[in-house]
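Going in written order, the chains are labelled A, B, C, D, E and F, and every chain counts its residues from 1.
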Amino acid sequence: MKSDRYQRGLKKLIEMEGSMGKEVIRKMEEISPDFAQYLVEFVFGDIYSRPGLDLKTKEIITLSSMVTLGTAPLQVKVHVNTALNVGCTEQEIIEVMLQTIPSAGFAAAMNGLLIAKEVFDERKNK
Amino acid sequence: MKSDRYQRGLKKLIEMEGSMGKEVIRKMEEISPDFAQYLVEFVFGDIYSRPGLDLKTKEIITLSSMVTLGTAPLQVKVHVNTALNVGCTEQEIIEVMLQTIPSAGFAAAMNGLLIAKEVFDERKNK
Amino acid sequence: MKSDRYQRGLKKLIEMEGSMGKEVIRKMEEISPDFAQYLVEFVFGDIYSRPGLDLKTKEIITLSSMVTLGTAPLQVKVHVNTALNVGCTEQEIIEVMLQTIPSAGFAAAMNGLLIAKEVFDERKNK
Amino acid sequence: MKSDRYQRGLKKLIEMEGSMGKEVIRKMEEISPDFAQYLVEFVFGDIYSRPGLDLKTKEIITLSSMVTLGTAPLQVKVHVNTALNVGCTEQEIIEVMLQTIPSAGFAAAMNGLLIAKEVFDERKNK
Amino acid sequence: MKSDRYQRGLKKLIEMEGSMGKEVIRKMEEISPDFAQYLVEFVFGDIYSRPGLDLKTKEIITLSSMVTLGTAPLQVKVHVNTALNVGCTEQEIIEVMLQTIPSAGFAAAMNGLLIAKEVFDERKNK
Amino acid sequence: MKSDRYQRGLKKLIEMEGSMGKEVIRKMEEISPDFAQYLVEFVFGDIYSRPGLDLKTKEIITLSSMVTLGTAPLQVKVHVNTALNVGCTEQEIIEVMLQTIPSAGFAAAMNGLLIAKEVFDERKNK
């Protein structure tokens, strides 16, 4: 029996990421079911389910944070997709990357833009 | 004679940060006039003057990036102030910090919240 | 009504950090009650309450991670205290810092050692 | 004539990493023999040869530090192998990754888990 | 009509990086023409065009910074090439990497050396 | 009896940092004599004693790396002093900070410049 937080998180995850999100969860369940559960419950059931900011703004915050880290190309890819799913335009995602130049530097922003382009192209070719 | 980019950047800086921004520029001019010029021209004249995202969203991106870095408490303080100046509520700034927990960790978000509280209190006591 | 995870987390927090931990929670509740709740529920109720590793090993992992980040001096201070509370000796804490030199560099380890010394001295003078 | 520190370091390296460790040294000797020497002498002859913590605890510290960095996937892979060699179970390695979530974030821990899984599978298929 | 800063930057970029630099600009123009413009104008037209340090020293600073970041393998590759173009020897580049060990750690320096070797080999095989 | 590497390192440390360097070693010996020994032997006896780059270039590399880290203000302060001791001018140190803007971002460079200014002023007032 999954917790209410899990149910809420899974619903939010599917709303935001669709089958791609479910695939991430399935893959992580193979390695560590508890990690997968924390991801659904805490990240999606607690944090992304908060009121106060709309999903588009939340994805913009996540993209900015992950592009700044520079260590999470896989996750940037997922969140560029998610950002598009929740209503960001391609140009807005590019603007997020450009806005990180002053704080995170040109290399971080460039690597973010290269991943964004990859996602834009993949979605066009589907 | 200052460039057009400088004029545009200084106007944007004052619009966003008021006297606090001018004070930062004055302080940096003492150390390196060229750094101060790049800050005005590139960060404010080029990046913050871009169309495509409103100032509130730009400040949210900057806050997320700087809280994630964790190395810029001085700049987080300035940008919490700036975010309030351009229309963010205190609660929205807190939401930005909470939204960075999954990517940047609890310590980064906690340190961001502690600085935000400091700014909120300072503004109340003025 | 607090959740079971909160009850379990608070008990774990007090077991590990005593009044210092409660003070952190009280301070964060002033800024963001939800952050304080996530800290108790997720960090202490979920992660620190996991079986599989003893509390001493968990604190060693946390110290290594936070010394490597280099951005969380406040939290390193809390966790040096906590490590001592759950059975680490001062020498073991110093060994953790020395073991981070190859991966995190001399400056990170040195800053960790300086904080550890501060905590050791404070506890002696109480 | 190699120094005593080199002899001690090489013995420790082989004890911990076996042929994989020797291969890393051979590869680095091609690029910079001095780097290879520092790695053997300082990292293995000085740091990993210290008394005070057992090898298993040292590997746990290294894994926590490198997963937190997020910039060293190659080295995380080597050290997941080494951790298994010195007595960590797969489940304990997974616990290390989970314990880094609060400080290093979900993306760092997830990337650590993905590498751990890759190593676990490679060792099963040998 | 491109600005004077763009003209100066493009000339500096070609002086330093040749066709490889032009290829980077072309690629980034496809994703975000404004990013490409900032790269030419600000990074090459403003920063790399400054008097005060020779190009070799500037590339050494950039390599040290990017190896320390650890998040920019693509850019380290470009700048190892550029460093060789502006007069660094292979051995000097290796020395830069070794000099980052104390501050950035062995993993960062090792990853820098592995990329340097890759560039050295590619240039030999051309 | 101290090793040859220690003797060579201590001589190099004193050549570069004078009484300030000896004070750092004395302070670290109080916390962890082994850390102090590694610092003298490895950092100064091995790395800073290498031929191939002059001391001025080595300090420029260290400053770039530490400003990029952003987590070592204490060490940046020591190395700004050291850079001046080994022949860098104040303007050259400022140039190093400006050259890190593209890779490390404006906040990192600004924080480096603020520390540099502090050191310049202290040395003027002595």
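One rule holds in what follows: contacts are C-beta pairs under 8 Å (C-beta built on N, C-alpha and C of every residue); 3 or more make two chains touch, one makes a residue touch a chain.
Values in this document were obtained by computation on a predicted structure and should not be read as measured data.
Trainee: Out of curiosity, which chains are bumping into both chain A and chain C?
Mentor: Neighbours common to chain A and chain C are B, D, E, F.
Trainee: Shared interface numbers for chain B and chain C above half of all numbers used, same, or below, different?
Mentor: different
Trainee: If you tally the C-beta contacts, which comes out ahead, D-F or C-D?
Mentor: C-D
Trainee: State, to the nearest whole Å, the distance from the C-alpha centre of chain B to the C-alpha centre of chain E.
Mentor: Taking the mean C-alpha position of each chain, the two centres sit 29 Å apart.
Trainee: Round to the nearest whole Å and give the separation of the Cα centres of chain A and chain F.
Mentor: Measuring from centre to centre gives 40 Å for this pair.
Trainee: On a C-alpha centroid basis, what's the spacing between chain A and chain E, in Å?
Mentor: The computed centroid separation for chain A versus chain E comes out at 30 Å.
Trainee: For chain E, which residues are shared contacts with two or more other chains?
Mentor: Touching at least two other chains: 34, 38, 42-43, 50, 66, 69-72, 75, 98, 101-108.
Trainee: Which stretch or stretches of chain E touch chain F in the complex?
Mentor: Touch list, chain E to chain F: 42-43, 47, 50, 52-53, 57-58, 60-62, 64-69, 72, 75, 91-92, 95-96, 98-104.
Trainee: Using the touch rule from the top, collect the residues of chain D that touch chain B in their complex.
Mentor: It comes out as residues 101-108.
Trainee: For the complex, which residues does chain E have touching chain A?
Mentor: These residues of chain E touch chain A: 28, 30-32, 34-35, 38-39, 43, 66, 69-72, 74-75.
Trainee: Where on chain C is chain F touching in the complex?
Mentor: Checking each residue of chain C against chain F gives 69-71, 94, 97-98, 101, 105-111, 113-114, 116-117.
Trainee: Once bound in the complex, which stretches of chain C touch chain A?
Mentor: 34, 38, 42, 46, 50
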